[in-house]
Amino acid sequence: MGEAPQGLTHFLGLGDLAEATWHALLADAERLAGPAGREPLLRGRRFGSVFFNPSLRTRTAFEVAALDLGAHAVNLQVGGGLWSLEFRDGGVMDGEHAEHVKEGFGVLSRLLDALGVRCFAGLKSLEEDAAEPVLSAIARAASVPVLNLESAMDHPHQGLADALTLRRRLGRERAKVVLTWAPHVKPLPLAVPHAAVLAFAREGHQVVVARPEGFDLHPGVLATAQRLARAAGGVVEVTADRRAAFAGARVVYAKSWGPTGYYGDPAGGRAALGRHREWMVDAAAMAWTDRAWFMHCLPVRRNLVVADAVLDGPASIVFDQAQARLEVQKATLCHVLGVPVPEEGP
Amino acid sequence: MGEAPQGLTHFLGLGDLAEATWHALLADAERLAGPAGREPLLRGRRFGSVFFNPSLRTRTAFEVAALDLGAHAVNLQVGGGLWSLEFRDGGVMDGEHAEHVKEGFGVLSRLLDALGVRCFAGLKSLEEDAAEPVLSAIARAASVPVLNLESAMDHPHQGLADALTLRRRLGRERAKVVLTWAPHVKPLPLAVPHAAVLAFAREGHQVVVARPEGFDLHPGVLATAQRLARAAGGVVEVTADRRAAFAGARVVYAKSWGPTGYYGDPAGGRAALGRHREWMVDAAAMAWTDRAWFMHCLPVRRNLVVADAVLDGPASIVFDQAQARLEVQKATLCHVLGVPVPEEGP
Amino acid sequence: MGEAPQGLTHFLGLGDLAEATWHALLADAERLAGPAGREPLLRGRRFGSVFFNPSLRTRTAFEVAALDLGAHAVNLQVGGGLWSLEFRDGGVMDGEHAEHVKEGFGVLSRLLDALGVRCFAGLKSLEEDAAEPVLSAIARAASVPVLNLESAMDHPHQGLADALTLRRRLGRERAKVVLTWAPHVKPLPLAVPHAAVLAFAREGHQVVVARPEGFDLHPGVLATAQRLARAAGGVVEVTADRRAAFAGARVVYAKSWGPTGYYGDPAGGRAALGRHREWMVDAAAMAWTDRAWFMHCLPVRRNLVVADAVLDGPASIVFDQAQARLEVQKATLCHVLGVPVPEEGP
C-alpha cells in the first residue's frame, strides 16, 4: 500500500517506509521545530483533510502546520455536511452512500495539492481492517499525495511524533520501552499501538509489548516490527507479565486496544476488557520502572487508563508528544509535496 | 430575483442573467484558470458560505477559489453549530427556529464582503420551491452580494462550469447535447437539470431533454431555456425516446430528478423512479451516440445512474467539470465584488 | 476567575476586569474599527475557538477578526467531529467523555497562541453554573490566554460591543438604559443580561432592570454591577413596573432569560415564561420612552421577544451591535496576546 501510482508520494504507513525516509522525516521535523517551521515553504499550496472520525489534535495540528508554512488548509468532515462515501468497487449504489471515493477524491485531487485522510477501523472483520479498504481505495482514487491521519491499522504521524519525542529525551540512546495495554470501556482499534511498536522498533529500542492474554497485536504488524527492530539493532518482545515488563523500563507507553478474538463482537470485547482493570498505569506500577517517562497518544480516560497522579506528574510527557505532532506533520507535508526543508542557518 | 437592492450585484440564477454577463464570466473563468487565478485580486476580502445542505465540491472549490485570490473564506453549516433559521415573514417565532434570515444575513453582511448560500428545494410544494423562498429572503436581507451555491431551482455555478467544460472540448461549435434523466433511489431536486438546460441553451447547442413521461422540468424554466436557445441560434427539445435522443449526440449529460407529479409524495415519487431503471447510462446507450462525452455534476451513484464502464472510461469528463467549478467560482467572486480580471499578459 | 496562572492574560468576564482595562479595550476597539484593524498586527499568531454550543456572530466575528489582523483562525466544534470533553476532577472516566479538558486544552495550548471558548450554562444548578465549572477548568488547563465567547454567567465580548455601540450613539453622555426581560419559548441562560448590566454599569448609565417578579438576575452579579455603577457615577435599579422603567429611557435593551426559581425545572420555567407574553417589546412600549434606541444581542425571535415594527424600524441598532463585536474582539485578541494597538496616524 505504500507505493503510490503515477510517481506520487503518499504517506500511508510506517511498516513499509524506507529507512532513509524515516530518518529524513525525523531530521526535517527537528529543523521545522525551529524558525524554518514558520517560513512560507508551502506558500499557496492547498492541503485538505477529510475526517471520517473525530479529531482534535490531528485536525488542529495539520491545520496549523499548513498555515504556519504558508499553505491553505481545508477541513472536511464526512457526515458533518459532507456526503456519505462508498469505497467498495462494482456495486449498485442504491443504499446510503451518495458518492464513491473514486469521485470524491478524484474531485478533491483537482482542487487540492495534498489530502489527509482519517478513517478508523470498522472493527467488524480483522481481515478486512488489515486490508485498509478505505485508505487503499482513496490512495488509488487520488491523483495528489495522500497522508494517513489514522487508518484502520496505522497512525504513522503519531509514531513519528512519539519517536521524535523520545529522541529529545534519550538522544539516540537505546532503551527499554514498554508498550503497555490499558483498560477501557470499549474495544479500541489497533492503529496507535501498531504505530508505536513500529516506531520504537525502527529506533532500535528494546520494545516490550505487555498485554493480557487475548490482546495480541496483528501478527503481520508484529512480524514487521520484529524485522525492523532486528535491522536497527533492537528487539520486540511480547509478554503478559506486566511487572517484569515494567522492571527497568525507561519509557511506559500506555494504550488500550480491543481483544482481536472478539473482533466484531463488541459485547464480548467489553466483557474481556472488564477483566483487566488492574492494568491501569498508576504510581505503584511506575515505581517498578527505572524512573520511566509516561507516554500516551491522547485522548486518554483518566483513572481508567492512567491514574491522575501519573498523568499529572513530572514523568508525563504527553503534551510534548502532541507538540511533536505539529513538527512531524510539517515534515510529512513537505515530504509528499517534494519541498526540501532548509538546513538550519549558521 | 436577479436584481439586487441598492445597486448590489447578486449572482442568483442563470435564467435572467444578461447575455453579456454570461459570456464575460466564462471569459474571466478561462483567464482565472491561468496564473491570474493565483494572484491576490481579492486580497483581504472576506467570503462566507452558508450551507443549509451537504457539499463537497462547492464548499471546497469556493474555499480554494477565495484563498487562491487572497481572500478569506469562512464556512458556516446550518445545523452544524449554527442556529436554525426562519425565512418566512410576519410570524410569531415560537417554534424551532431561533433566528430569522433577516438578522442572520444582516449580521453576516456586516462581517463579510460576499455571501454564498446553499439551500436545496424543500420538495413539498413545487409552487413554493419555484418561488425560491429561502434564497429570495436571503437576497433581500443581505446588504452584500449573494451567490447561489445551489438553490431550490437553480445551480448557476454548475451550469457555468459545464458550459466552460464543453467550450474546452468543442470550442464554439454547436453540438447535439442530451440531458438524460437517470434512475435514483429517491426524488432529487430540479436545480441541476435546470442549470444544465439553461447553460447549454445559452451556448446555442441543440439541447435534447430525454426523460420518461412524468419527469418534466419546471415549465417556466423550460420556456426560459427555449427563449434563450432561440436567441443563441439553438433549440431545446423534450422527448421520451431515449434512443432517438442519444442518436448523433456529442454530449450525454446524465442527472436524476424527481417526478413533478409526485412532488410532496416521496413514496409515490420513489415508486415512479423505480419503474425506469433501464434509463441508467451504460456502454450500450453510449454506443448510440456520436462518440459523446459523458458529463455528470457529481455526486453520482454508480451502476444506478451510470455504469462503471462509462464513468471510468475515456469519454467521461466529470473531473474536468469539477475543476471548472473552481475557475468559474473565481470569476463570479470577482464579478460580484466588482474586481476586474486582468487580461492575460503578452 | 479573572486571574490567570503564570502571568497569563485571560479575558474571562466583565465583573472583575480592571477599570483601566475596560476603557483601554473600548479605545482600542475604536482604533481597530479604522485602517489599523486591517493591519497584520497579529501576523502568524494562531487563534483557536472551541464551541460547546452553536454560534453564528461570535464564530464569524472571531474568525474575521483574526484573519483581518493577519492571524490564523482554527474553529473546533465539540460534538461536531471533536471528542466529548470531561471537566470534573478526580473521577474515573468510564462514561461518555473520551477526553478531559486538562488534556484537550493542554494540547491546544501547544498548538495555538490563544483560545476562545463558548460553554453555555448547564441550567441544572444555579450554584454550579455560577461557579463557571467548564470555563474555570479550561482557564486552569490552558497555558495560553483564554477568551470567554459566552460562558454560563457572562458574555464579556457582547458587553464590550454593546458599550461601544452606545458610546457611538451617546458619546460619553450618561443616559437611562432599560434592560428589559422579554418572553421566550424556553428558559435561557443569564450570560447576556449579566454582561449587559455589567457593561452599562461600568459606563455610568442609569440602568434599570425591568423584569416580572421571579426573573431576577444572579444576586452576586447584580451586587457587582451596583458596585461598578457607583464607582462610575451611575446606578443599577430593579423593577417589575415595565411602564415606569421605559418612561424617559434613551435605550431599551431586550433579552429573555429564565426564572432562577425554576432553575433545573424546564417545564416549570416554560410555564412561568408563558405568563408574561405582554412583555414583548412593541411599538406601544417604545412610545413610552424618550425615542429610545432598541438593542438586542441576537439571535432574536421575532414577534415573541420584539415586534417586527420595532426590530425593522429606524430605532433598531442591532446590526451596529453585531458589527461592534468584530471590533471589540480584535481589541481583546491584541490585549491577551500583549500586542499594542497603534494610535491613529496624523
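A, B and C are the chain letters, set down in written order, and residue numbers restart from 1 in every chain.
One rule holds for everything that comes next: contacts are C-beta pairs under 8 Å (C-beta built on N, C-alpha and C of every residue); 3 or more make two chains touch, one makes a residue touch a chain.
Quick caveat, the model's predicted, so the values are computed rather than measured.
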item	value
Copies chain B and chain A - interface residue numbers shared by over half, same or different	different
Cα superposition of chain B on its sequence copy chain C - rotation in ° rounded to nearest 5	120
Gap in Å, rounded to a whole number, between the CA centres of chain B and chain A	40
Overlap residues in chain B, where contacts from two or more other chains coincide	80
List of chain C residues in touch with chain A within their complex	44, 46, 48, 72, 74, 76, 80-83, 86, 89-95, 97-100, 102-104, 106-112
Sites on chain A touched by chain C in the complex	38, 51, 54-57, 59-61, 63-64, 67-68, 77, 80, 185, 298-304, 308, 311-312, 318-319, 322-323, 326
